[in-house]
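Here's the structure, in structure tokens; my notes come after.
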């Protein structure tokens, strides 16, 4: 992984009055450009095909000020981005397509690229969640599966390829050649995905040992085919469940559960401080709430999540802490401006 | 129950220019404080533990102007609240935790505390719904259960402990010691929860015999584990359904059904006039719509419901009747100011 | 069908400074009147019963400026509407209740009434979808049903009467006298309903061969009883699935799928150009997304759909292309004003 000092050195030569927000044209990029433009920051879209550019004809107010074409995410030209004082907003597609390639990219990344390494490696993520005191599903050895389990592959692939198994036999039958998978106990309850923003700079929000935490919004993921599998079941159409994320729906949480959501977020942030030097910026906990109102966490997304796309003009939570339409993406832009003003970009980038 | 004259006498000594909106810090309190502050009313939060106060660090624009600590909801200091010209907004947590304790509390409660007595007592609520002409599920004697039924306990407990039984045997087996339960036929269809506001003072809205009715918003409750039980079913994980409310999702209704929703609300309000002197303020009908677009009601919430938390800045319905972001909570604050101005607080408090 | 020249001749005599937006008081009429009023256009509601008028007491900001009573939708007085320079916004209830009666109505209809003929006739609609290159479900001969199929009747009836069959025997058993039905393969995946607006006048948006396309919003329909059938299943209550649309829920799509959504919309619009002279105004594709992120289309609604009612003040998509709260209905009003100014009403009416 590129040295933090190298990134800090790049940052030190940036013209803090001409910063750019750059990201790959996918995942949450419309929201990211829209939010940055509201804060009057220059925006750069990295497109890997002409297909992606269509969106900006349809959504001109979310179009980047400038587009850079790249043959693939791996071909991002670091020098060009640095010459434009660019800060990359990492999102799920960057994590998926760049993978370890992000580790050495010589461009400042908003947040902490070490956190994305923890997101990418399910065992590291698990360790993080457990050290943060979160209830997590039991992990099974392939040969000792004694209940329903979810088999998950490495990386953020939007749920594609997840599968359910109920025994070791079924596992070996379905995945004879599996490598780098995690076998998690299937938890019962319902899913909620709170969208957090952690700032080491802000003086407002829920206090952690080294900064302040906010809840920006919340969603429930909508997965094909499982989230309408009841329709096929009742219609008598047999299907195999699949978990490809295709969209997101808004959900507001029982108010008495919000203190727990804050506590979990705080613990995740403070554990990140210890494990890898912090988690500045947006993140999300993938949670299950059971009938006794107990939370379990099955994943951490250490960057902006697609569920925030529901709220480009703010949410039922963000308006309790911000005037105007404060999305997660716009909050990132506000943070960049605040850090630039305080000459603390190194605290929110790596 | 405390005499209405006693409450009116307290109200008559209030300084109508220094009214406070007070509530327990739970359920819909963020929305209530946020809405009251928008209307420039003083707000008082009653906290029973430090945990609740966390929310106000995270959500400063929804923090009460003043916090009063109480060991438990039963220990609310009436004199202190009265000295601050406080009007209590009753919500689901107050109904649940104070229970009958609310009956004698010597502080003006917004709405009619008699209506909460009807909400608390399922048999009274049933009588109210039937007298209002609503279609209601059949009620079964424990020894005559011949179809799927929901067993419901007294009070607003957010769905916790509800269970399904299919026969008297199963009922006695599951609930050998049950007291004060109601056994309702299980209705098929889908649930919708319209959020009403009834004003005896306003001259706008849908006319009832003694005032005007509005529809503020609408939601569908999200319950653990039942509302993702299809995921466990298709995954081959056997579960017992549970009905603990953990959140809410927005839903807009087929427009041609709205006149029926208005008529049902009107009938509920007019029946409340006759049964216990009226239902000023917010309420909700828990409805099932079947495939023939017929409504049945299975509960009334005689106060603000948590589903309104989706809409602190107004909804797809409220903007058809109000400028700006008119939530149910803000509507309450508007009503308080209107009543104070007209010297009619006694019409909207008991 | 009334001659296009006749409609153009009526339009040529309209006072373009005194245009009215007229529609039947149902379906999306609140949104339509609200949006048109925001654009300061005169609005006319056609009511067929007193029941409908209730809504305007409850929702005064969405009330039409003027109400015309008609015994039935078929009794709409064309001369009266023409004398008021009225342009009719066709919606699902008009398509359902007027049916072929719309063909000859001597009042300009916004959009292209030929498109509604294609919507009404499932075989024409299918032809349209296939020519547009959309993946569509297989169609079955009643005597050759070899898998789960949906049986659909003619016209927009909001899903009422749809049924599932699994064999020819079951079909003939359930529908011994069926006429004018379509038997579609039951597709698995999840449903999404993008709301498009196509303008032959605008110079902004996603370019098609003859105009520009926008995405206004998106929803998922909520049908009774199927969309809560998992609750009855887990409760052990046997039901027969039904598909009556009772409401709509918001959903935001995985961003990387939006280019496909634009392409499908473009193909539908360009095919409409060839088949029947174009599709100006709003329309919707009823889509299934499968686990491989492939779309299939099972219907086209060639006019405003009820899912847009979620967004009378704009959506997470419309704010990327428009300032202010741009609903589909308001977009219609903007288009009318633009066409009137450019003297091109004939391009957006038939």
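Note that the chains take the letters A, B and C in the order they are written out, and that residue 1 is the start of every chain.
We adopt the following convention: a contact is a pair of C-beta atoms (placed from the backbone, for glycine too) under 8 Å apart; a residue touches a chain by one contact, two chains touch by 3 or more.
Computed from a predicted structure; not experimentally measured.
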Which of line, ring, star, complete or other matches the graph of chains that touch? complete
Can you check whether chain A and chain C touch via the same residue numbers (shared by over half) or via different ones? different
Rounded to a whole Å, what is the gap between the Cα centroids of chain A and chain C? 36
Multi-partner residues of chain A (each touching 2 or more other chains): 227, 230, 233, 239, 249-250
Quick one: which bits of chain B touch chain C in the complex? Just the residue numbers, please. 148, 164, 166, 186, 188-192, 204-207, 213-215, 218, 220, 226-227, 229-230, 233, 239, 241, 249-259, 262-263, 289-293, 316-317, 319-323
Note which residues of chain A are touching chain C in the complex, please. 26-30, 34, 51-52, 54-55, 57-62, 93, 158, 160, 222-225, 227-228, 230-237, 239, 242-250, 306, 309-313
